[in-house]
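Read through the structures below before going on.
Shared chain: chain A. Partners: chain B in the first complex, chain C in the second.
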Partner chain A sequence: MARRVAIVGTGQTKHRSQRDDVNMMEIVYEAATAALQDAELSIQDIDAVLLGNMEMFEGRALPEMWCGEGAGGVYKHCLKIATGGTSGTSVAISGFQHAASGLFNIVMAIGFEKQSDGHTAAGMALTDPFWDRHVAAGAIGNFALSISQYVAARGVTREQAAKVAVKARRNACNNPYAHLQLPHITVEEVLSSPIIAYPVHRLDMCPTSDGACAVIYAEETRAKKICSRPAWVRAAVTRHDYSYLGDLKDRLISIRTLRDAARVAYAKVGIHEPLKEFDVAEIYEPVSYAELAWYEALGFCKEGEAGRLIDNGITLMDGELPVNPSGGVLSTNPIGASGTIRVAEAALQIHGKGGKRQVSGVNMALVTGYGVYSWSDVMILSSSPG
Partner chain B sequence: MSKEELLRIPIKMDLEYRYPTGKHFTHFFRVLKEEGKIMALKCPKCGYVFLPPRPACGECHVPLEEWVQVSDKGTVQAFTAIHFKFFDANLGRVRPVPFGSALIRLDGADSSLNHYLEENDVTKMHIGMRVQAVFRENRQGNIGDILYFRTIR
Partner chain C sequence: MYPKVGIIGVSQTHFEVSKARQTISEMVFEIAQNALEDAGISWKDLDYTITSSVDLWDGSTASNATLTEVVGAVMKPEMRVAGDGLTAAFQGMLTILSGAAEVVLVISYSKESMSSRWGITNWVFDPIYQQTLGLDYLSAAALQTWAYFSRYGVTEEHCARVVIKNLTDAQGNPFAQRREKISIEDVLLSEVWASPIKALDVSPTSDGGSAVILASERVIRERKVEPVWILGAGRCLEGHYLGERDLTEGEALCRAARKAYNLAGIKNPFKEIEVAEISCTFSYQELLWSEILNFYPRGQATQLLEDWEAGLDGNLSINPSGGIMAGNPLIPAGLIRLVEAFLQVKGKAQGHQVQEVKRALAHGTDGPCGQGQCVMVVGS
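This part shows the complex of A and B:
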């Protein structure tokens, strides 16, 4: 039987397109020390350190070794997890599982990426050498294909997608850590930015960022001592899918990995009306259209009604369910950290430490991760251990 | 510490890779080269026809051994035109833009194939559009032997 576990501290760096002021070990150290400080713990209190990173993007092998001292992993149980875009949520879920297993009491999970060190496009291009590499055009190219299906099936408009992009960048202005801060961005500006892959405009897509984020988990007894309002992990579900894009039937419409992960997580916690029962959601939206697709898959609305949700402002900061008060992946995307940031931001909302991006009275928070062609993670955090 | 000017150390690398194709891809690429046929593997349990071919069915996790020929004609399931300059790891340089690409379900297959369209104007693309493979003259035994898919009018 798994033990009850809560997030008792979070820390992140100021995310930017290029953090030339720090190297990889220094950026990880920045996040790790911020999380320890937040939890009022020292590195001696930590039993295990887990790292999430996509090393191909920096072009540095064994990042878990080269940032060991910065992460605080020296003489500890320490390993690295890499699952594409889900790396950050995978490492966070693994952190929870380590503490829940009873083998470790306090665990730190750190996601990080320093994209400006290397060539993310080259890392993406080094996909399957026999088939995919021949035609692949990174995340933008494969999303554009799936978006053509989603738009045809659901009739969402480019204006509705642009509203998602605007919401993210405006929310980011309340988050001092967010990379893109565009307080005056408009739907017209998104639509007049160049088309990079039809129908995706440049401002529909996430940026590339440097950054790191750490979350600290503690088992029940310790969590209650460390934190006055712990963020209890109530569910953590991960689903992987086929290798090739052509085997994911109507990817954004069916998105069966996310639907199944959500179904299992909701059943575990007893969520029946997600729009009403969650107080905030931090979801992994690498492109504006994906957020609309996730609304349906996560049960925020009926099939085909995602456009209405954004039109009616339901997911804005003052709406019924604020989605991504942090600004989301559309504002900040250090890939190995992007999922960990979702977890940390949801925990922050429960801790009541959200500052200008705080949603009032958060008791139940939803987190998702998304990676490669269709891998999905879902976590539910709560102010109550259940 | 005093404020120092920050440095970047530039490094360039030339690397070569050799990827073994394994038995399933080897058969596919040999038949493509020698006979100009597109082959796929059928799951003995659920009947799904896989393209690219692979050792096992994802749903049933049973070995795939039954080769079936699929058509060189198919239906577009998803489409786009790429306008941004993406690094092509096969070419070792940026791929020329714009180019049309699509997920194409060849007649007889259940998977869709991610490949190029001859067309790069999205106003002339739609889901359900019929297309046919155009092969290169001197086939070499790789996926590039299909140059692109042209619209059937």
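This part shows the complex of A and C:
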């Protein structure tokens, strides 16, 4: 029988556009050390170390060979997971599976990316050489296409999208680790930033960041000893979709991967009214418009009502369901770590260690990961093992 | 090990210098289809797919993204282990043990014809101290060879005999790429690539891949299939800087093997395992790994050559398929070892079948000089 597993510690680096003070191995070390300190464990307590990273963005081959040492992976079970934008949630899910399998008791999963070491847009252009490389290179252009389609179908406005961008950067001011902290950002400022691919303004888009994030899992008996309020993993679901952009019908409108992953995860935990039953959500929003599309897919509102949700402030810090108190991917985006940060931030909220970004009384937290054209991960964390 | 995970089907390609007639997607589709057919299941039976590939070898970012359809992962979960294929099988086993899936496809491939083995492996080394020296897997292996030679008195001729042994055995393996008859002199006189390693001491670059289908004990009982059970597995990483490692001790392999043996309840692997398929990109590694895996006492692995040449390798056959020396790409090499171990236990290894195999060992490695190591023991 699979075992119950909880997150008992988290740690992350200060995320910046360029962390010249550390190399890739050292940035991993910074996150791993922070997580161990948070859980009050030593590296000897860890049975397995899992790394998540997109090596093409730094131009390294098998970076776990070099960076594994920084993560404390030497003489341990250590491997690397890479699944595009979902790498950070995939490695977190792998960490959960390791601890649940019965073969490992305490497991550390670390996502990391040092985008300043390479050229991410060039890396992202390396899609299928026959079909996609010419038309869908990079993240921004193909998003712009899907966003136009979404806007036409749902009637969300660019002001509503800009409100998401403002929410993220203001929330980030409460997060000492966040990359973009813009306390005075306004909707007008987002709308007057240059359009990088219609209708996406520069401030609608996530930044590129250097950073790493670690989460520590423990099986039930140890979790209760290590942590006074463990964040129990109640569901972890992955859905992937077609390889080619042109095959994805209504990519952002339907985002069927996220819908199905959420459906399965909600059923497992018994969630019927997500807006009411979750106390906080940390979702992977690479662009402001995507967050609105995810609201619908995650069942926070009816289709076409995502704009109303942000207009009414329901997902702000003092709203009914605060979404991304951390500032989200729009504020911090070290790609291989971006998903792990969502998991860590949700666990942090359950641990009650959120500091200025803490939402009060968090018992049920939702996490999503997003990657490639339309890949989704959903995790549900809870203060109760279920 | 309890609860149990079994292998219910496998497939591998014919390994070739170049499969220019197939794209990676076409090649992977063929591998996956054949594995499903071998297991007697259909695409809809799959709960989870674990792929193993490395972007730099594929020349594409998130290269697994181009394979979702051909590995059966549309609207299903897929996870990629970006490294050795046997480690992907380990992850696949954990996926089942954790309760996330009951039937898992594990698939690994590479087209080395599209890439540069030494160019890419130079990028594995840290960019500050080692990469700039021009180290790659080949030059690092040469350092390891000298360390091994000088400590244990192994010679270039012993390594040449390893090559002959593998290429001779490969003649019975219909999937092998390199099956030519060569002499010890051919090996010794082949071009020196990084002294003492010569061209014929190195596995040829190759295109191809393999897959296994893993299933939970419940599914296996329900379907009444005869699986090959995973009895034990271990994975371990060693330090990165060559100067900080004792290259002859193989601490990572030692620990990975100990874990796998403990789970499988094996005390004397030489007596309790009938076949070992081990990953040796370079000829000396078959000797070195055989010692660290505890098949032979330290410094005495050359005995395996004496045994093989006398036709006495009945106790423990090492690489009866011809191994990587006969041509397997770097990334899927470990998973191909697991496929071979499966075939031996099932008695389906055709021309290279070893008699009465109850337990077999598969070994995979990634990183320079065996920095990352994975061992799996399977049996009936």
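By our rule, the second predicted complex is superposed on the first by the 385 of 386 C-alpha atoms of A that agree within 3 Å, B and C clash if a C-alpha of one lies under 4 Å from a C-alpha of the other, contacts with A are read in each partner's own complex, and residues count from 1 in each chain.
In this section, a contact is a pair of C-beta atoms (placed from the backbone, for glycine too) under 8 Å apart; a residue touches a chain by one contact, two chains touch by 3 or more.
This one's a predicted model, so the numbers in the text were calculated from it and none came from an experiment.
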Which superposed partner A:Tyr242 touches (first chain B, second chain C, both, neither): both
Which superposed partner A:Leu103 touches (first chain B, second chain C, both, neither): second
First (chain B), second (chain C), both or neither touched by A:Ile43: neither
Partner chain in contact with A:Leu79 - chain B first, chain C second, else both or neither: second
Which superposed partner A:Gln149 touches (first chain B, second chain C, both, neither): first
Which superposed partner A:Ile314 touches (first chain B, second chain C, both, neither): neither
Per-residue touch tally on chain A - higher for chain B or for chain C: C
Partner chain in contact with A:Leu126 - chain B first, chain C second, else both or neither: both
Partner chain(s) touched by A:Ile195 [first = chain B, second = chain C, both, neither]: first
Shared chain A contacts, counted only where both chain B and chain C touch the same residue: 125-127, 129-130, 242-243
Residues of chain A defined as touching chain C within the complex: 1-2, 23, 25, 49, 54-57, 59-62, 64-66, 68-69, 73-85, 90, 93-94, 96-98, 100-103, 123-130, 236-243, 256-257, 260, 371-373, 375
Contacting residues of chain C [partner chain A, same complex]: 3, 23, 25, 54-56, 59-62, 64-69, 73-83, 87, 90-91, 93-95, 97-100, 120-121, 123-128, 234-240, 251-252, 255, 366-368, 371-372
Contact footprint of chain A on chain B as seen in their complex: 6, 8, 17, 19, 21, 25, 29, 50-52, 54, 58, 77-84, 86-90, 95, 101-103, 105, 111-116, 122, 127, 142-144
Chain A residues touching chain B - in the complex, by the definition given at the top: 20-21, 119, 121-122, 125-127, 129-138, 140-142, 144-149, 152, 194-199, 242-247
